[in-house]
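One structure coming up, written as structure tokens, with questions to follow.
The letters A, B, C and D name the chains in turn, as written, and every chain counts its residues from 1.
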């Protein structure tokens, strides 16, 4: 069937028309909205959100924080970069609209860091350092923390953004590669003269307990990377698998990497159940995530 | 800035939020809406639409026909495949929602043709043949036609779809590689026992005259391929170039092909003016085209 | 199994190691070499080469001309752009190594045209015009040509390159969208004051006769676009299909376009036989084509 | 210039011809070979290898182990998945050539895990568990390890593969997201009843010390992900940056993610020096890595 548009239509109506068209990634997006709606309506489903790719610099952090605030996320797994940029926004620094076509050596001289077409002045990292070192300084000498503990401490000291929303909602934020971020570099600075240990594996116990306890489970994966794998592998040790899965990725399957792998592939591993409702939408998540979330919000709060 | 969503928001509001986020392809899409709106509001701009990729099988033909019906297109350049599938829909056959993960040999035995996750039964081509041969039979023996003449004759015999809308609006449809389609194969059948000649180059005169006459020009390019190049090269012989250009493509620049080439590259050739407003949105056009068109319709008809 | 490398290994040895590794596109490339070797060794197979993407500007024209010279191609289907750039090289002009990161407006002022990171000075088109208009001037007034006739006339007036090799080997070159190229624009110029008609459909008879007559058929597809479709559809009217198919493309299937479509999809249409040996290698053909051809040459001429 | 092929040519000769062609990713690959050769010949350059993507299941592990064995790597940063599969191969289990087009639910029932077109039977993980738990059991109760210590212990107990080669050459292997892998799940098992702590940040000290001490530095990045960022950020705290960088990735820049980001972007951050020799080759690393390494080996050991 042919999609039809009309002036002033809502996002939910648009996604329904994409479903009538029903092909390629438009069809997949419509299918994703159905699955994501079911997942959110399923009170017994443990809801995981995976967040990879530079989504916060791209202005998608507010959407994620709002999802958490609405109770749509039970567990967040993120890259360190997204959390770094979330902190930067939350302490009052901004990412700027720039351009991808520029002289990066000149930018460096002007102390501006580029993320595709987003510009971030170095001064943000000066404030970032002061903020984080202040928090780290509050840790007890000789104590042992998990990565989620560390991130919770940060979130409790912020009033907006993803980490703040997670702290307020009391949901865990996992970030297995925390070292691989500006947060990690700040911790390295702190670690040179302090005796607080962050246990790399400590978070796995709570995460796997949650997986063992879950009646059903669903995952919304924005990008692939560590968050996708960490979420999926957490179910591997249990006799269960994910029942709902929506993956928004710009990668492709034929390169073999997990980030572009189909969700069917995850079924061979048992990460997703054989009867799971699962779909991948290929494309830029800065477009597909807002479309998906706005369409489903409209269904949940008509 | 961070994008914000709310339940029931319109597509135009969503695209504005993508513009606030302002990064990656979300930012580009917002920029594209601004350019496309300006182009449509510019009464002096000749408006070209390039249509490549299997958009009609994907249910996008109704949107294109509606764009033509609203007077938003002065010249359409299409692949033969899109026009073939437009005819198929217009004579009452349907494309079906299928799946990309299937046994294609079995499908072939069931006489079903697949286009990614769209299924088209062979019987559509039986009716397609009867319809087209009926039209071709009306051509005068010994006459000479242009490709646009041929397509106009088809459109005048249909009541819905792209070719019909183009005939009603009296706009030309160019299809340089008409042979490379089911329409071409049908013409080959007809041509075996008839003496009607289709002149490969005849349409170029009217097209280039139009380019020479245009005060300003704009192009909306859905996919690349022949339509993109044919539209852009048509301005090469004039002292002008395109003033507005929006490209929706899933291809990538680094492979060197035109379909993924940046619009800046077109400036080096003079196909686009140095001061043109131009942007590429990378992604699946089954998502980006409806988003763009619905957002701009909302601005034009608030 | 793990691939092993050694200093000084031949390309054929490397491709064998890629086959031992056997995964992703390395595995596909190794598989493609096996299929392409079988196709070339099969004296009864009609051999088609599809050439899309800007391969000649990228320095791949010499490889294609050499393939033709060795008798490895029975039918060539190309975009107009590749033939345009083939002529430019054959009349002594050059494409230059440039960069993709430059000021295209400044390039335009310097009269340099850019194709990703290849530069082509405008003066090449001045010589191109003189050369082509000289050839067109030799056509008889009132005569009727096919596109292959037109291209043959050009090839006969050149001593190197693809069109020259095709003329020498007496193989047809089909270019359905010839208008969509600089050759087309030159013909438009000529056509304004001459009465030579190029019949858009004339070539289909010889092409389809060849398909009906073929015992077996194989296709090497460099890129997708018009050449891929035109080659594949030519077998649709026959009771047969392609028996061998190798596709080298940088596109992706999920966008629905033919250029990225799997070869399995072609089986549903009957373009490829259910038992055909067929494989797609995803990647930049400026890398995969030379790898494939050099490896198979080594097998054929050990 | 046009590339030329001849039967029996070496990989080094092929890459030279790709350099003569000099365009798109073929040109980039040739450029990458020049940079990688210079980097390896520079005795004062600290050499980093980043390994992301499922390269070991794809049969690329032997190449990486050989690179380490030849002394071409001073620091390896890898995903956990590559190290998991390296261990699996090293303890005598195999990855099998499979297919990407299969019934994953049926595969799951047969206890076969799929990685695109690679199959890995579950039984490998049974032996993997026994092997790893045996090693972990040797750790002293109450002790504190870094992730590199953990990986070194594993490598010392193997005789082939990447971890073994790294242990023999005495180079560190960093894996910031070690939890995010089958090694991580095994450690979680062990960790339930043991008191050995793995300090998430411990490795950063040695890594950054190395960066501060380096006269010059170079990076070969296979894929992006955590390894790319971790390598690049390690230079951020120093007054220096990378002087050589070669990136082999299948991702694309316009999605904003680090894995597809250009190396120029890294210059804005100062991760790469303004005068660094740096190039990205877009494509499947199962093809580009062997091509690059074999070509450079031929130059180093003619």
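The rule we apply is simple: a residue touches a chain if its C-beta (ideal position, glycine included) is under 8 Å from a C-beta of that chain, and two chains touch if they have at least 3 such contacts.
Computed from a prediction, not measured in an experiment: that's the story for all the values here.
Contact tally for A-C versus A-D: the pair with more C-beta pairs in contact is A-D. Copies chain C and chain D of the same sequence differ in orientation by 180 degrees, per CA superposition (steps of 5). The two sequence copies chain A and chain B touch through a face in which the numbers common to both exceed half of the numbers used overall. Centre-to-centre separation between chain A and chain B, using Cα means, comes to 36 Å. Taking the mean of the C-alpha atoms as each chain's centre, chain A and chain C sit 43 Å apart. Per-chain CA centroids place chain A at a distance of 25 Å from chain D. Annotation for chain A: residues touching 2 or more other chains are 23-25, 57-58, 101, 115-118, 252, 254-256, 264, 282, 284, 286.
Per the touch definition, chain D reaches chain C in the complex via residues 1-12, 14, 17-18, 20-27, 29, 57-63, 66, 89, 94-95, 97, 101, 115-118, 264, 282-284, 286-288, 290-291, 293-294, 297-298, 300-302. Those residues of chain B that touch chain C in the shared complex are 52-54, 57-58, 81, 100, 104-105, 107-108, 112-118, 144, 147, 176-182, 184-185, 187-189, 191-192, 197-201, 203-205, 208, 223, 225-226, 229-230, 233, 236-237, 250-259, 261, 264-270, 274, 284-286. On chain D, the positions that touch chain B within their shared complex are 23-25, 28, 101, 252, 254-256, 282.
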